[in-house]
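So, here's a batch of structures to check.
Two complexes, one shared chain (chain A), two partners (chain B, chain C).
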Partner chain A sequence: MLTILFDGIAYGMLLFILACGLTVTLGLMNFINLAHGAFAMAGGYVTVVMMNRYGISFYWCLPAAFIVSALIGLVLERTLYQWLYQAPHLDQVLFSIGIVFMAIAATDYFMGGQQQLINLPPELSGRMDVFGVGVGRYRLFTIIVCAALALALQLILSKTRFGSRLRAAVDDRRVAMGLGINVPLVFALTFAFGSGLAGLGGAMGAEILGLDPNFPLKFMIYFLIVVSVGGTSTVSGPFLAALLLGIADVAGKYYVPAIGPFVIYALMIVMLIVRPNGLFSRGGR
Partner chain B sequence: MLNRRMLIAAAGVALSCLAAIPAAAQETIKIGLILPMTGPFASTGRQVSAGAKTFMVMKGDTVAGKKIELVIRDDAGTADQTRRIAQELVVNDGAKVLAGFGLTPLAMAVAPVATQAKIPSVVMAAGTASITKASEYITRTSGTLPQYSLPVGTWAAANKIKKVVTLVSDYGPGIDAEKWFTKEFKAKGGEIVEAVRVPLANPDFAPFLQRVRDAKPDAVFVFLPSGAGSLFMKQFADRGLADAGIKLIATGDVTDDDILNSMGKPAIGTITGHFYATAHDSPENKAYVAAFKKANADMRPNFMSVGGFDGMALIYAALEKTKGDVTGPAFMAAVKGLSWTSPRGPVSIDPETRDIIQNIYMREVKDVNGELQNVEFQTFKDLKDPEKADAK
Partner chain C sequence: MSVLPQETTVPANPSTAAAETRAAKLMKRRSRIRFYEIIVWIAAIAAYFLLPSKMLILTEIAILALFAVSLDLVLGFAGIVSLGHTAFFGLGAYVAGLMAQHYFAEPVTGLIVAGAASGVLGLLTSFLILRGSDLTRLMTTLGIGLMMAEVANQMAWLTGGADGLSGFSPGPILGMFEFDLFGKVGYLYCVGVLFIGTMIMRRIAFSPFGLSLKAIKGNSMRSAMVAVPGRKRIVTAYTIAAVFAGMAGALLTQTTAFVSPDVLAFHRSADVLLVLVIGGTGYLYGGIFGAILFTLVKDWLSVITPQYWMFYIGLLLVILVLIGRDRLSRWVEYLPERLSKKEDR
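And then the complex of A and B:
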């Protein structure tokens, strides 16, 4: 029972780390970025290449995955994304889904279509018994990293100067510019940060979720569920949503395997009926 | 003057030689190889095409006086594309034989084309039993899931395994595997504690594995397509199922030779049943593995590749028998009852079902000179597909 809860929390945390970058771009920047999974995949492949080809420690791969994905995000934002901030949402959707397909084809070409596997350092594999609860070491690690990240993200957005500038830039671009905020810079940094988070999520998820060129399409639906249930205007909303969905998904598959896969969608529908704007919505936006 | 005349004569000779070459080359037989070369099943396509190409490297590109040409097309794993490409290959490109087909629905989509155009079609990968029933013109060189799930049941019952949980992917092949393992295992006195079906697009195996652990069986029987299989393997080890005394028995898809080596330690000790292992000990296989690695940049051949290799072997053998006649009825008549020695061991084509008859091996994953290999330890000889044998 508690093992299932633990697994659910770990899975939820992983969903959060993958989706929270999307919360930043989609929610805070108001940009429909369906290519989010492509950045996550980039992070995953950075890890795979570093570990399997060069034998670099897993712990170094995590920051590297963040930085590389963030850089890719920055370059793409400056060259492509920035022209579409004012575009209708449909254009943004078409554009970003195009990026997804290009990313899939490129990955397939360079890395091959097969499933990529990494071998974790010994202290992260296996599991231990804590008062009768089976605790997977890697899952515990995931929970710790993700919880720390969620906290940091919340603090950055609510307490720092950068956070308030970002919120101002999103709410009213013209006024923010008038106040002397360098909106393009703020957006570029935010986008890079969101992409970096995705990359980190991809690096951490490679062990549990697997990694192949179809990663962005396979998990897009999960990111979108998390963000739509959680709402897009805060970080705590998607955090709670991811936890809830993770636990419900794992518990559903454990207790009622016949309909297990459907539980997560049923939950999403119920949540959206009860709170159409997400768990913590800022008014009726 | 003399010189000039000689020159003209020489030119004439040269010209007639040139003319003679295309005349011989016109006897080209095109084989349309339709495979998922991109998308989620790209590794299947890569392996099958690499196997087929290796055959042509080893045995040359002429048979019975005809030149063989492979035309490889990508269907990305979607059935409507497979069918469209099959039609194009037959109608526009004049392909005389179709081959490949990575997945069951893809092979099924081509069946009507094969029947209408009387085009022989060689299934090199897809493994659901019913495929060869879909058209008189379909034959197969891979294997069927019932064919290699059943012996795993026989083996389990004979090896002190009493209680088993089955865990399969929830689609055609998975259900085939579950059905035939269960049938055989129960008939031999075993008990199935629980039958778990995992959705095909499943990101995390944690809840299913926990369920298996809590059911406390002696073993868990698994079929998963090879990519998902490797993920499963890691989580199986991580969850400590092996430490809890639960054995992992599976079809060979789970310990696919293509990725087995990167699975690492967790895979060691897994017992699987299948028709081919890279480590199969025979001179034919040694030659095959060496040629394959040379032709394909050190890629490791898996069962898919040997399906492609034997598909070409079947086409060559049938053409030799018909003396180059590639029309549907003649070709299919030649196919029935063919037998040859494949890298996997002796194989033949069942004259009644056009499906392959072959040995199924029980294997254990072991570390052999620093590489993980499926090491065979028991052979079930000359098995037919039980599904069609049963239907009679």
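And then the complex of A and C:
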């Protein structure tokens, strides 16, 4: 029971890291970016290539995954995404689906279609026993890293100058520009940061979620559920939503395997009916 | 009696009467059959005689066209971006397959039952899309689509799971026309259903009902102010679209005698959006033109790069959005407008 809870929390934390970049791009910048999973996949593949081909330590791979995904995000934002901030939602949906399709085919071309495996360092694999609860070491590691990131993210958004600039740029682009805030720069950095977080999540999730070229499509719904259920104006909303969904998903698959896959969809639909704008929202967006 | 004046059916003064007849005339002119529409159907019949070896791909186009036209009613008229339209397509496909396998092999009956089943699902799920923003709608429609795919996968005893449903053969249409090996009858059958479906949807779309959908799309708050019952309209439009999407799925099952979970895959939802965008939204025939172009491009790509055609479809989507899909659909609409301009005067 507690083990399931623990696994669920770890899974939820991972979902949060994968999705919180999307919270920023989708929620704050109001851009429906279905291609978010592609950035996560990029991070995952960076890790796989570095570890399996070059034998670089897992701990170095995580920052590398962040940086590479962030750079990809930055380049794409400057070249493509920035033209579509004001576009209708349908355009954004089509555009990001196009990016997903391209990412899937390109990954398949370069890396092959099979599932990729990584070998965790020995001190992270296996389980240990804490007061009779089987605790996966890697899961514990995931929880610690993700919790730290969540905290840092919340602080950055609410306390730093950059955070307030971002919020200003989102709320009213024109006035923010008038106040001398370099809005395109703020948006580009934010987008890159969000993509980097996705990449980091992908790198950490390769072990738990699995990694193959269909990753962006397979997990797209999970990211979107986290963001839309959590509401798009805060960080704590998606955080709670991710935890809730992670626990529900793991518990559902364990206790009622026959209908396990439906639990998460059912939960989403119920929550969207009750709170259509998210758990903690400040009005419709 | 309420104090407020009731809606009057009898016009109060001559000028309103004149305005009403003007409006009626305008509606009539808008809904008149255009020249290019006749060409489309003549071309569809001509293809039967001119391209006897291409029946399978032509059938595919007809089915995709019906699917896209039904989505246009939701997207092009009511302005609802749906990522789960495959739910209805897939349900129709499975219902038609199960009908043929267990109960009644006659295709038209299967078609009607499949359409009805999808319509019921559409009605039930339409209440979910009434709430929230565009994002919430995207999520719920996507969720419904994925849930249906999961159901098809899980209920292996009924649907054959991942292996799909096979081993049934649809009987002769209306007990008279047997499906032949070359797919000729299948093609005519699909074109017939597409024709009837398009005509019905055209009647709906160019009626005051269709206009009110466009009003909701344009500005839902303002349309509510002039007493358009937005929620009711969206529920109706969504249900009708679901019926026709289900029929498209049923056609696919009946012409191929096979159903697999692929009918519910996400990429189908994306494909049909792409089809509509290529052809242009909001005038129904966009679905047909788009289906023709899309199927030809896809066919051509899958010959060149059998494994990676998805890349080019994605590239096409990105380019389309970046150059502006409005520009493209304006170009598509330009021709029909030119052709029908003379009739308008």
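Everything below uses one rule, namely that the second predicted complex is superposed on the first by the 283 of 285 C-alpha atoms of A that agree within 3 Å, B and C clash if a C-alpha of one lies under 4 Å from a C-alpha of the other, contacts with A are read in each partner's own complex, and residues count from 1 in each chain.
Note that in this section a residue touches a chain if its C-beta (ideal position, glycine included) is under 8 Å from a C-beta of that chain, and two chains touch if they have at least 3 such contacts.
Please read all numbers here as calculations on a predicted model, not as lab measurements.
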- [ ] May I ask you to decide whether A:Pro261 touches chain B, chain C, both, or neither, giving the answer as first, second, both or neither?
- [x] both
Open item on the list: Touch test for A:Phe101: chain B only (first), chain C only (second), both, or neither?
Closed with: second
TODO: Applying the touch criterion given at the start, work out whether A:Gly126 contacts chain B, chain C, both or neither, answering first, second, both or neither.
DONE: first
- [ ] Have a look at where A:Phe215 lands relative to chain B and chain C in the superposition and call it first, second, both or neither.
- [x] neither
- [ ] Would you check which partner chain A:Gln114 touches, where first means chain B only, second means chain C only, and both and neither mean what they say?
- [x] first
Open item on the list: Taking the superposition on A as described, I'd like to know which of chain B and chain C A:Leu26 touches: first, second, both or neither.
Closed with: second
TODO: Could you look at A:Phe187 and tell me whether it touches chain B, chain C, both or neither (first, second, both, neither)?
DONE: neither
Open item on the list: Output the chain A positions appearing in both contact lists, the one against chain B and the one against chain C.
Closed with: 105, 108, 258, 261
- [ ] Could you pull out which chain A residues touch chain B in their complex?
- [x] 3-4, 7, 10-11, 52, 105, 108, 112-117, 119, 125-127, 134, 136, 138, 207-210, 212-214, 218-219, 222, 249-254, 257-258, 260-261
- [ ] Over in the complex, which chain A residues touch chain C? Could you list them?
- [x] 26, 32, 80, 83-84, 87, 89-95, 97-106, 108-109, 217, 220-221, 224-225, 228, 232, 258-259, 261-262, 265, 268-269, 272-273, 276-277, 284-285
TODO: Enumerate the contact residues on chain B facing chain A in the complex.
DONE: 38-43, 45-46, 196-197, 199, 201-204, 206-208, 210-211, 226-228, 230-231, 234-235, 237-240, 258-259, 262-264
Open item on the list: Touching residues of chain C toward chain A in the complex: what are they?
Closed with: 75, 81, 83, 128, 131-136, 138-140, 142-144, 146-147, 150-151, 154, 266-267, 270, 273-274, 277, 307-311, 313-318, 320-322, 325
